[in-house]
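The first chain written gets the first letter, and so on, giving A, B, C, D, E and F; residue counts start at 1 in each chain.
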């Protein structure tokens, strides 16, 4: 069996219009590989939302990146100032991958 | 004042949507379709305006209307901002964000107004579509300036923001369709007319059904909507609409166009401005500005505002 | 019996969809569009019915048809339940859930039937749309009562469920559009008629294409569909449809409306009832009731059932 | 770097019409913040399903909530009786978050 | 050569989409709608072709056109493959994958061409739709054979692949609609004609708007598009189109059909072939073949290619 | 509280037309239960992609399966040869479930 290596999985829930900015910020600390996933709705401190709106201004997407511990730290550091102002939700967990060089 | 329009299917579908949402029905229109209907309506209205201006040619009145529209979009946010700060008790960031919405316009309110005016035999001039497009964005700059004077940290470079605002999808589509309609003219438009004309009112029905659902759901879940800001969301359209009617008649437009001017001034954006605010003022609360614009002002305008501005326009131009 | 209707494009598109799915083609219609076409068809048929009732006024026959429809929806689940328990060997929960589907109706089967009847020159009366709407929900109550007598633990408060059932999106839209059509009348409907009439049959084609795909895929993947219940899914529409024709002619309806009554009674729900069952009887197997209703009964009705009920109605009313 | 705190990530795959009920049940044990994510299809004990159906009665959504160990336990306890009757799939994993107070 | 067609709304919407994407506007058409418009266009063109062939009956010319189309689809990949290997410096797998795209056809390029030809009073024959359907898949077999000679490990059983290719959703829908149109004939088509005819050009406008957005975005992000392959993506349509015109006139078709033949031969697939290649040659780079087909060849054909092939066809058949 | 048991969560990001093949391959090593989730776009070694394309040939879906350590290993082994040729992204993480027998 191939070697499993340990990486960090970073997920950021972000408003759709701001997603581009998160992608750019991640790229600026070296996290250039990512996947965006759709969401349907939810609720938090700021109340409930659903994606059924015309404007799309409040739709959210999930940014997902798997990266090394070190780059993950840089990314978290870079994102922290935005958590409050941009209303981001940030989750970090452990993940194993094959072909560690790619992540 | 004639409220006959309230019983046209277009408005009744809006009422149906709102009623369904208040009764907690699970009725819903898929988001992809809602967005597509919005694209369709903007394309159709843009084309129609362009074709009409191609037929009528450019006039000085057109220029006057365009300049007046831009000026209104720039200036209307200022009194709104003051009211939101003083009476609404909002901080500068939220007040600026909300004010920008009221300087800008709502495409669907305009479209519904055009339908109502057409049914009353007083259709606005074709160039009002261009005025609509021109009024979408200036207020964003005004709102941001007001918010930033109040301390909003704008880390976003101004050039980026200007680009993102001016190139908002809805603005591009409206302007682009207008230009295509203008190039194509009546003859070039004829082959595609069945799609953009025959379907128009029916699509508007289904779209307003969805707007009713969205507006009512948003109203029910709106946490940040205090009584004071809700009141402002009713006062702004009345005052701004009256100002619009006054300005429109001052520059000598026909009654239909004066009414359309009032509808534009009285309406609040729910597409271009929210998207711009989310980018430029992410700290502002989208729950607040969308609730005011979509859940209070839009329903008011579609039901009572349009007949009111029409009545005012008829009186003023009589 | 005339099977000409089988060669109309509407039915051929259903066959195309089914054939594509059986051949494992990757053809598919985006879910958002399928749902929207369903909304469109319900709105169009609701409006049309309302406009017609506005023109014809209320009659005693209308009332008789409405009462008969409600009664059928309440009563048809009972024999179905017994057959499902005894012959189908289902437990009380699944038998109750399935029985509810057969008391209720399928909007698209009705719409297809109306097309076929119209083409044969015997369109059903406009108020049959109201009968359709009235028949959607009573069977849910009957089915739940049957299931619970058999021991299904209903933790859901009854009020909640009633609300969720009566306010199911499809019911609200059908009833709402009917009311709007009634208020608007022929004149108010005229401006939106092009959208809701010209497009109707074409949308029905694409919708039935998708239904063919869905029905065939579901049939292929149906695990819980035993030979016995599949047989019942063919017998129920025949018997219920015959009962519907008998009742319709007993209350003195015209041939077209009698046929429509048969189609309603013979059809099985695949929107409002499954949604209600998922909420009220989550333990029941959706794979079973959707396979019976969508993958067996619906294809049978659309191809053979409609001509059969029509033939029966013509004979009975001759 | 900001303090990462440990939380539990709960995911529940639930039929779309029943999602409202899961949200309400979670709220009743204090888990009021959540995000719903869409799914496309799958297979399990009950056979295969896809989301291409008109009725939507068999479409499923993923309920996602990040919460404390303690609230997670209450939620799991509340959900357990429904797992069988409502056909839920429940997954729990570890996750790190910044601004622990929010979760 | 007449470039009037460039100013028809259909093409202008394509230009608008491309311009918006280059300017980095956030304008976008929901994916579900784009796919549905594509289904609609294929259904409409299939029906129309079938109805026309029903009216005209089968002829020897039809057979000749069909055979010529299949032969071209089989043979055109070979010179393309050699050019891609030698001049384009691609490996065998990517060269085979790309070559398969250029032997096959683009439905929307054909549809746009039919519009342009119709406006010029030289509509192609109805059976060209059948030729279109026949040309979709042979090139896939040719491309795979070329790629595998070059060493691509085909683990996929050949039967599976053939099924997946022949049953690609777009092929099934096109062929199925053609057959339905043929069965229905003019009379059976009449009731659904409003939907499939009146809306056609308008839908094409919105679809091309989206194609402009997609093509331009793909061009901007295309990493694997070297100058050499981009040049080939311009040369292939010109040469293949010229070959198509020559073959079409050699078998004695009318000017409109000859032009359509050129358009088919010159166009490159972006639906059926990419899907097949992803399955059969997963190692090939989709970024490369989609960039060539969608971002270079498609825009070229829609703007300059169609007038060029038309001009050529007129000269050759004069 | 019910017994939580430990399982492996396997996620595979795969091109939509190839998803059927991953499902079949997983079934062949005994992993028959799974859920597919949609994605919107992303970027990796092969450049950026979004799901707004007509052809769908480059749209991706996320295959998710929760299974035992042993079956997970078989699945990873089966998938490894495809990672490069099919451009898959594979993630493995730990997850807890109730009713372990189902997974």
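Operating definition for what follows: a contact is a pair of C-beta atoms (placed from the backbone, for glycine too) under 8 Å apart; a residue touches a chain by one contact, two chains touch by 3 or more.
Just so we're clear, the structure is a prediction, and the values are computed from it rather than from any experiment.
The chains touching chain A as well as chain D are F. Among the other chains, A has the CA centre that is most remote from the centre of chain C. Ranked by how far their CA centres sit from the centre of chain D, the chains are topped by E.
The pair with more inter-chain C-beta contacts, choosing from C-D and C-E, is C-E.
In whole angstrom, the spacing between the mean C-alpha positions of chain B and chain E is 40.
Chain centres here are Cα averages; for chain A and chain B they lie 34 Å apart.
Remark: chain B and chain F have CA centroids separated by 45 Å (rounded to whole angstrom). Those residues of chain F in touch with two or more other chains are numbered 17, 37-38, 93-94.
Annotation for chain E: residues touching 2 or more other chains are 26, 28-33, 35, 198-199, 275. All chain pairs that touch, listed by label, are A-B, A-D, A-F, B-C, B-E, C-D, C-E, D-F, E-F. Residue ranges on chain A touching chain B, taken from their complex, read 15, 17-18, 21, 46-58, 82, 85-87.
Contact residues on chain E toward chain B in their complex (touch as defined above): 7-10, 12-13, 16, 19-20, 23-33, 119, 198-203, 205-206, 209.
Listed in rising order, the residues of chain E touching chain C in the complex are 30-33, 35-36, 39-40, 43, 47, 163-164, 167-169, 172-173, 176-177, 179-181, 183-184, 188-189, 191-192, 194-196, 198-199, 275.
Across the complex, chain B meets chain A through its residues 28-29, 31, 34-35, 38, 153, 210-211, 213-214, 217-218, 221-224, 270-271, 274-275, 277-279, 282-283, 285-287, 290, 294. Per the touch definition, chain A reaches chain F in the complex via residues 1-2, 4, 9, 23, 32-38, 61, 66, 93-99, 102.
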